[in-house]
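These notes open a run of structures that come right after.
Next, two complexes with chain A in common: one pairs it with chain B, the other with chain C.
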Partner chain A sequence: MPTLIACFKWVVDEAYIRRGPGGALDFSSVDYKIGEYDRNAIEEAVRLRDAGGGSVIGVTVGVPESAKGVKDGLSRGMDQAFFVSDPSFRDLEPSQTAAILAEVIRTRIPQYDLIACGEGSSDLYAQQVGPRLAELLGIPCVCFVQKLSLEGGTLRAERRVEDGVEVVEAPLPALVTVLPDINTPRIPGVKDTLMAGKKPVTAVTKEELTGRLEGALKTEAMTASRLERTGEKLAADAAGIARFVDSLRKSGWIT
Partner chain B sequence: MNFKLTEEQELIRKNIREFCVKNVEPIAAEIDEKEAHPADLFRKLAEGGWMGIPIPAQYGGSGADYMTHAIVVEELSRSCSSTGFTVSIHVGIACMLINLLGSEEQKKKFLVPLATGQHLGAFVLTEPGAGTDVMAATTTAAKDGDAYVLNGTKTFISNGPLADTYLVFCWTDKAAGRKGMSSFIIPKGTPGLKPGEHFHKMGLRSSQTSEVVFKDCRVPAANLLGAEGAGMANAGVAFDHGRVGIAAQGVGILQAALDESIRYAKQRVQMGSPIARHQAIAWMIADMATDLQAARFLTYYAAWLKDNKQPFTKEASMAKLFAAEKAMHHTTKAVQIHGGYGYIKGAKVERLMRDAKILEIYEGTSEAQRMVISGTVLR
Partner chain C sequence: MPGVWIVAETREQAYELLGAARALARDMGAAVTAVVAGGSATPGECIARGADEVLVLAGLAPGEPFGAHLPVIEQEARGGSPELILLSATARGKETAARLAARLGCGLCSGCTALAFDRESRSLRMERLAYGGAAIQKLAAPSTPVIVTVPPRSVEPAAPLEGRQGRTRELPAPPPSAVKIVERKPKEKVAKDITEARVIVCAGRGFERKEDLALARALADALGGELGATRPVTEELHWLPEDLCIGLSGVQVKPELYVGLGVSGQVQHMTGVRGAKVVCAVNRDENAPIFALSDFGIVGDLYDVVPKILEALRK
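Here is the complex of A and B:
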């Protein structure tokens, strides 16, 4: 029976971020959610379990307030979860998150077959944690996965690459990072949410970990992107093109 | 005092919101226009356990509290008031009454298919000549051996043409006055029970409303809900629970009116600036947000009393009265904010305004709520 691990992150729901005067971002009434692609990772692990048996273990790293995210994850079909939390984990750098996940998996989940991660988180979208985690654990990593199956001790994945679709196989245990096309995450029903609180959660504190884990990132400022238009119309003839080049030069875009 | 929802209630709100954005919002305008019952949507609601939230799991429900049911009705109504109401009356009245008053056998036979959402329920009380004045009802159930024979016509019955299970209120002993009414559980297909004329309504158009006619309709005594003569008290229980649902529906409509008004006021430019920066519009939106907050707190308070096993008749009436009247008032303002665009079919605020009006009428008119409230505070 395979043991499937799903890694996920509890992030700000961007739909609630408001743009204040002067482009400043207002986070005062934001809500949180499991990152979009991480939901795909959880869903895929749960589907594989439902089809082939086994169990799904969720692992997440975050601030203590992310506890609601653990419940959310469990309501999506995971059997149990490891919740690694500390108030300082708000500003972790992706390599640190990967190191924490690697340590927790190595020391607390003795045997596993597959680790599923989202292609990137919904906030930083650095696409770093999955591949780094695979590297730290010394297992194969398959990214950009849009279709996945497990047969015997092997995974078979369709990867979406620039020029088409690449089909690869890898021996288990292995790690995949999934794209949103891989599935449609379920919306938990009422009972799923009520049952989630009854599933086992193992809390792991910073003190139980060995790595150097002070937050390495510092957010200096955050502003909304601005799009400025000059409204200048240019004809598609030699004179228009000359004017276009001239205006780019004047505004400093080309020299 | 604690104004915080539980983690489960918050997650369930997020989930039903996501469900609505994906499944309800995209069809709401169309089912309103076509007066169509979205059977496929109700199958999905049943699958998610949304059709029996406060009913214990052993009877097919989800085993959550009444607050959670109110939150779900609110979110459904924010997208489609008809859908919110159909769930509200099905759960808040049909399921709740059998759960609270039914025998073990009745719960197994009727409540399980209702709470799982396989069946739909209807509350059958109003008659052509008996609205607020329930005593003016004329439908009778005459005892005949181990059965009752029903005759009469009920009207304005929500889910009337669709229901699998009807909760019917009629006289078993008219001479006994308030103690002469009884309530029955009657499955569809019972000979002599016939949904009558289907009504075309101003709003709430995808909710199906009809007459229900009884002609020598023979019902086994085993289908009596509660004791003979307890009908009027049972109707009171139905109203208490149902009114919290209607209040939640009003809250959902108010939230939708506010969402739409803010969105439009920020993007509509007149006289050189978004109309949201014009004080006349900004103040309408301020009042809307304030009344929404008040309506939500009144509604949640009534649900909280219910969940904490305290009397909530007065509070349910207050919540229903306030939410209904504020929903009507502010959907009119939302149309005003939208100007001509808000008066055109397809604008969401136009539908919200039509859907709001019924809140002041059914499950006790605003006048009936004032009778209940004044009757309590002047006692």
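Here is the complex of A and C:
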């Protein structure tokens, strides 16, 4: 029976980030979520378990408040979770996150078949943690997967690249990063949420980790980008349509 | 040799990366090394475009993926001690860069939007987008090497110069990869490249049925433009090919005019149109974020408004 690992991250929902005074990021009214792409990773691991048996272990790294994300993840069908947390884990760099995940998987999950990650996190979207993790664990890596199946000790995956699709095979254990269209993540119901509270969660503290934790790159600033425009709203009446078309003409592209 | 390295899979990538590398190497007072796949840019072409050294990757057996080169590239990088390694932010480039960064234990700036060498502090200054494009992240590297992936078509390709000299070396064949390609499905030429389109009409989730996209297509035709889409329309509903998906994780466009129909305006998508000169929208929800990110827009049902716009355009 395969052991499937899904890695995920509890992140700020970027839709609620505002531009503060002087271009600072205003996080005062933000909500949090499991990263969009990570939901596909969880769903794919759960789908494979439902099809072929085994169990799904979620692993996440974050600040203690990310406990909400652990419960959210478990409500999406995972069987148990490892929650690595510390107040200093708020702004980890991808190299640090990958190192922590690698150590926890190596020391606490002795036997596994597949690790599924999202193609990138919803906050940094550096798209590094999956492939870095595969290298640190010394296992094969297949990124940007749109279709996946396991057969015996082998995975078969469709990987999307610029010039088409590569159908690849790799021996297990292996790591994949998945694209959003690999599946449609479930929306947990009340029963799923209630059941999530009863599933086992193993807490891992920073003190229990032995690896070096310095980041490779330093974030010097994080400022709001400028996307705002003049935002003139017009009504859907004859005057509004006329003004809309007039503005289109003024933009110089219609004669 | 130390300095700036590029790792390229195609000729187009090699020229673009050499364009970036040459400018940085000048500021750094460093040499340029091009690591190129055999059959892409030739050593002569690379040297004419700024390479002082060309390392040619060995040809791969049919089922071997590009990632098979990693152990060889890693070994060369350990021996050559580059300060900076540039790759294209393509699917294979991003994967190779991240795996190489883990092997070398170094930092990686993914999808770099601005890259410069500060001569005073003698350090690299990097920028990239974060939070779906809502933020600009500025990064510095306290140690070398640093790997950077550069979005394709975001830098000017290097032009050839007369009389340049350089060295060339063939790299050994890599050991077999654990990952094998068993089939390649080349992309069917279904979608147009909209990255260079001058007018784009973008269809969002406000469309109720696939057939209704004819309305968006009609407006695109009337404006002499191309059709684009948001992620739900391409990747969830599969109404349009993924090449038309505009956004941070899709294509980034820079048209003179962008018209969003039934597009809510999520930051992830709007980041893909930040290069547009004029942005306008039709959406029935007056609180949709797209209005604040547009130059002008109509609050109304696209099914009612678009036919009227088409009619007004005909006049």
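Worth pointing out:
The criterion applied here is as follows: the second predicted complex is superposed on the first by the 211 of 255 C-alpha atoms of A that agree within 3 Å, B and C clash if a C-alpha of one lies under 4 Å from a C-alpha of the other, contacts with A are read in each partner's own complex, and residues count from 1 in each chain.
Just so we're on the same page, a residue touches a chain if its C-beta (ideal position, glycine included) is under 8 Å from a C-beta of that chain, and two chains touch if they have at least 3 such contacts.
Being a predicted model, the structure only gives us computed values, none of them experimental.
When both complexes are overlaid on chain A, the residue A:V190 reaches chain B alone and has no touch with chain C.
Residue contacts after overlaying the shared chain place A:D123 against chain C, while chain B stays out of touching range.
Shared-chain residue A:D31: touches chain B; no touch with chain C.
Of the two partner chains, neither chain B nor chain C is touched by A:P173.
In the superposition on chain A, A:G77 makes contact with neither chain B nor chain C. After overlaying the two complexes on the shared chain, residue contacts for A:P2 are found with neither chain B nor chain C. Measured by the number of chain A residues touched, the leading partner among chain B and chain C is C.
Those residues of chain B that touch chain A in the complex are listed here as 7-8, 10-12, 14-15, 18-19, 22, 47-50, 53, 57, 62-64, 68, 72.
Looking at the complex, you find that chain A touches chain B at residues 31, 33, 67-68, 71-72, 75, 187-191, 193-194, 196-197. For chain C in complex with chain A, the residues that touch the partner chain are 65, 67, 90-92, 94-95, 98-99, 101-103, 105-111, 126, 128-143, 146, 152, 177-187, 198-199, 223-225, 231, 235-236, 238, 242, 248-249, 256-257, 259, 266-268, 270-271, 274, 277-280, 286, 289, 291-301, 304-305, 308-309, 312-313.
In the complex of the two chains, the chain A residues touching chain C come out as 12, 14-15, 17, 25, 93-95, 98, 119-120, 122-128, 130-136, 140-144, 156, 159-171, 174, 179-181, 184, 215-225, 227-236, 240-245, 247-248, 251-254.
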